[in-house]
Amino acid sequence: MASISVDEIAAEIKDGCQLAMPVDYAGVPMAMIGPLLRCAPRNLHLVGVPTAGLSFDILIGAGLVRSLETSAVSLGEAGGAPCFMRAMARGSIHMKDSTCPAIHAGLMAAQKGAPFTTLRGLIGTDVLLQRSDWKVMQNPFSAEPDPVVAIPALHPDVSVFHAPMADREGNVWIGRRRELATMAYASRRTFVTVERIVDRRLLDDEVTAAGVLPNLYVDGVALAEKGASPYGLWGEYPPDIGQLQRYAQMARTEEGFAQWMSEVYA
Amino acid sequence: MSTATLRERLIVTIASLLDGARHVAVGASSPIPAAAAMLLRAQQEAAKQAPVRLSILGSVKHNLFTNGSAELFDCAGQGRIDAFFLGGGQIDGQGNINLVGLGDYPQTSVRWPGSFGSAYLYFTVPKVILFREEHSPRVFVNKVDFISAPGVSDPQVYRKGGPYALLTGMALFMFEPQRARFRLLHIHPGHTLAEVKAATGFDFDIDAQWSQTPDPAPAVLALLRGRVLSELHETYPDFAQQLTKEITAYAD
Amino acid sequence: MASISVDEIAAEIKDGCQLAMPVDYAGVPMAMIGPLLRCAPRNLHLVGVPTAGLSFDILIGAGLVRSLETSAVSLGEAGGAPCFMRAMARGSIHMKDSTCPAIHAGLMAAQKGAPFTTLRGLIGTDVLLQRSDWKVMQNPFSAEPDPVVAIPALHPDVSVFHAPMADREGNVWIGRRRELATMAYASRRTFVTVERIVDRRLLDDEVTAAGVLPNLYVDGVALAEKGASPYGLWGEYPPDIGQLQRYAQMARTEEGFAQWMSEVYA
Amino acid sequence: MSTATLRERLIVTIASLLDGARHVAVGASSPIPAAAAMLLRAQQEAAKQAPVRLSILGSVKHNLFTNGSAELFDCAGQGRIDAFFLGGGQIDGQGNINLVGLGDYPQTSVRWPGSFGSAYLYFTVPKVILFREEHSPRVFVNKVDFISAPGVSDPQVYRKGGPYALLTGMALFMFEPQRARFRLLHIHPGHTLAEVKAATGFDFDIDAQWSQTPDPAPAVLALLRGRVLSELHETYPDFAQQLTKEITAYAD
């Protein structure tokens, strides 16, 4: 597989795309956000696996998002996600509130080629009450009343994440972050940004192979050093809390957000 | 005069609530619960007992998971997690918690991040400890505006877990699932029953034996100030430093 | 976790135990079979994940097995499994014929704490017809008739497998063989034999950690060099086809099987 | 006189059946299908086309999977596998296959290993190539004794795949799902239509254009005897050696 540029990844995300990205600590593809803002696709449907943060907040603030499905949007220790909160108060985006294992359950159903999987919990929550796309069904293996929630398969159009390395064939090392594999299995297309591209084939050594997402599930890999920053990348660098706090502070007002955007993505 | 700072007292109280658990998971950004779980482990090791296992999300050293962010939930579903912690923007007297927002959903007047894993873990983890330092009527309400996770369920609903206790900066309540009510057990030094009542927006029972939160034993405090603080540094360097300062200031 | 002996693992498998073991190439715990024959628990219910071979055939030949659930029992290139075939012809064991992904689906449901998962395919097969413990249900997300098969969670009492290495805390390196993790997650207890126990903590290095089953799911680890032999172990040694063929040849008759047993497990 | 051995002819025929597939999976103990998939890849690379991806179970070098033995099935369920191979102790004229045994289940008079993944993959992989060298009435029966996987399904049953062709040591049939029947397309050199009819226990259609199996092009044979044989050595050393011997003996 030929490696591509981050711009080329961004260009693959079209109007109306259902776009999945991972949680803060699992390789947020921050390097792709600038190019994506330049492409400016409209009406994005974002999926946070299983929660979301800065990348979602920026895209919401930039007006590119119509809806999102995730179990939380926040800046972690830096506080709430200001553009998300503003857009929710205005009703300008539609949030499909979920719970972490329901996001995983939908992706797992897609991984398995199953129409749905079931998830315990949820019954009696307003999360369930608001999700008309989920169904409560009787457990067919129980003689007693035993309601269980069925979560339909979730097939994002595109998933994008950042990882430490890939080889020249496009095999990506994801290590323990196996939710990235599930996300890629479930998605129609997957693009990855990496810190470095290595010459050795990652599948040739059983020890590195154990942490590899094979290129069978990868549609393009782009080099992007410090590509998760200001988020951290496991085993590589810690998050830059100061940067996140600065964003959280500035984005509290629309003017501040605009200024932050012009400083960072000029 | 009390021997411990408020945060130390919270940590020691949580550690005692965790006793009996074989595996405790602690979510992200939860330094006090993490310290409590580490304290319990340190106490057990000092007593030559089988130590509790910890899965502290965000930690590399104190986290056994290798299967991505789904493993916490899988593990809970398998019955392999005995205790976990949840908070809430609102918590009501029936143990319902709200992590979503104030007012009418979806256009809530105040929007919080979201329900995270609560809508699942509250059902599957036997001992969920509700922990919220702020003790005020805006947090402890009569009825939450949005149920991220309910305190109790109908009998036919699969339910292996739920709220066990509620710890605040002012008091400790135990939860009675049969009655779907909290029962006040301890009030931290410096606070009164009248104060607790005024700060709590829901009605609660009062244990006949209610008392001031007991002082931590000196040996426990020593473990906390020694080994636990140093273990905590890996995952929560800022918090560990801050706690050290508090303890020093308090001792002066 | 204290390491234990292979004999101690065998002693944990009691009469009536539902015992799961992996497929030929995924670490068959052959070293445990001799001790298990000495303990001689009765009425075992074996689960082959997802298929089975020599270890099952020996236990069946020794009369320790009441039933088994798997999608195939064979000696691979060495041919059919003679004791299995003989016992089936006699009706002395009960085979719950499955298909590979249904075994995985049952274990995955158990991993997820779900009562069941659904699996496409199967409809119109005699495999399904014979499995009264599976249910055909309507996909609740389809307006059209859309039958799908529900496979209940499979929770083996004990699973045992062989792996290249573990550390002193009982964390086991399983590499790419992630069905071993699923099997362990799903099982009430899991025991592992390994080629070697290493001093370094396998979770301390992100690269090895990616292939680790943590000790949270492991109830005991025993040292057993060449513990999968005559099967192979990935990255360690190939199968000994000659030995498998010799077994296949001798076990064609009960006398031959008895002779093989006395030679190998005297 | 024919230019190729029977096995070479089978390999070349399968490679042509696979044309158009983006990802071919080959099960364990299947050297001829593996060789065919490798041949297709070699042909495409020689023609500077995007090569087919291979997942050859049992191979380390020609296998991309890293998620255990479930990944093959997951991958098929995702629609990421275009072609796979199945055999059968019995295969009938409606494309049903039996991998379980002869006679009344469960006390079959002859018991085979079992259905493996067939009861799933036959539904999910678009091109399933049935391959069985033995062409006899005991294999090709009117009705199988046990349906491990059915050739066709009712319209409301989820079905993305199924039998595409049936290749034997004597002939090649294509499968017509609408008619649920096989159609004879080629007979290998040295065999006659009468022979095929006598050896086939089920009724089948005969293509108006049926012909002798075409001879492999010299360039294709050269690729097979060169690069493919050497690639095959990693997974199937015995088979590769045997095939080399056959070719040498045949050439003499």
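Order as written gives the chain letters A, B, C and D; numbering starts at 1 within each chain.
The criterion applied here is as follows: a residue touches a chain if its C-beta (ideal position, glycine included) is under 8 Å from a C-beta of that chain, and two chains touch if they have at least 3 such contacts.
Chain identities (UniProt): A, B, C, D = CoA synthetase.
Every value quoted in this text rests on a predicted model; they were computed, and no experiment measured them.
Novice: In terms of C-beta pairs in contact, which of B-C and A-B ranks higher?
Specialist: A-B
Novice: Go ahead and note the Å separation of the Cα centroids belonging to chain B (CoA synthetase) and chain C (CoA synthetase).
Specialist: That pair's centroid distance is 40 Å.
Novice: Approximately how many whole Å separate the CA-defined centres of chain A (CoA synthetase) and chain B (CoA synthetase)?
Specialist: 29
Novice: Using the average of all C-alpha atoms in each chain as its centre, how far is it in Å between chain A (CoA synthetase) and chain C (CoA synthetase)?
Specialist: Result: the chain centres lie 36 Å from each other.
Novice: List the centre-to-centre spacing of chain B (CoA synthetase) and chain D (CoA synthetase) in whole Å, with centres computed as mean CA coordinates.
Specialist: About 60 Å separates the centre of chain B (CoA synthetase) from that of chain D (CoA synthetase).
Novice: Pull out every residue in chain B (CoA synthetase) that's touching 2 or more other chains.
Specialist: Residues 65-67, 73, 77, 124.
Novice: Give me the residues of chain C (CoA synthetase) that touch two or more other chains.
Specialist: Expected reply: 108, 112-114, 119-120, 146, 148, 176, 181, 209-211.
Novice: On the basis of the stated criterion, which chains touch which? Give every pair.
Specialist: The set of touching chain pairs is A-B, A-C, A-D, B-C, C-D.
Novice: Mind listing the chain B (CoA synthetase) positions that touch chain C (CoA synthetase) in their complex?
Specialist: 23, 53, 55, 61, 64-67, 73-80, 124
Novice: Write out the stretch or stretches of chain D (CoA synthetase) touching chain C (CoA synthetase) in their complex.
Specialist: The touching residues are 28-29, 58, 65-70, 72-73, 77, 99-101, 105-124, 146-150, 153-154, 156-158.
Novice: Which residues, counting only chain C (CoA synthetase), touch chain D (CoA synthetase) once they are in their complex?
Specialist: Touching chain D (CoA synthetase) from chain C (CoA synthetase) are residues 23, 25-26, 49-51, 70-74, 76-77, 80-81, 84-85, 88-91, 94-95, 97-102, 104, 108, 119-128, 130, 144-148, 176-182.
Novice: Which stretch or stretches of chain A (CoA synthetase) touch chain C (CoA synthetase) in the complex?
Specialist: Contacts found on chain A (CoA synthetase): 105, 108, 112-120, 135, 137, 139-142, 146, 148, 150, 152, 174-176, 206-211, 234-235.
Novice: Please output the residues of chain C (CoA synthetase) touching chain B (CoA synthetase) within their complex, sorted ascending.
Specialist: Within the complex, chain C (CoA synthetase) contacts chain B (CoA synthetase) at residues 110-114, 171, 181, 185-186, 203-204, 209-217.
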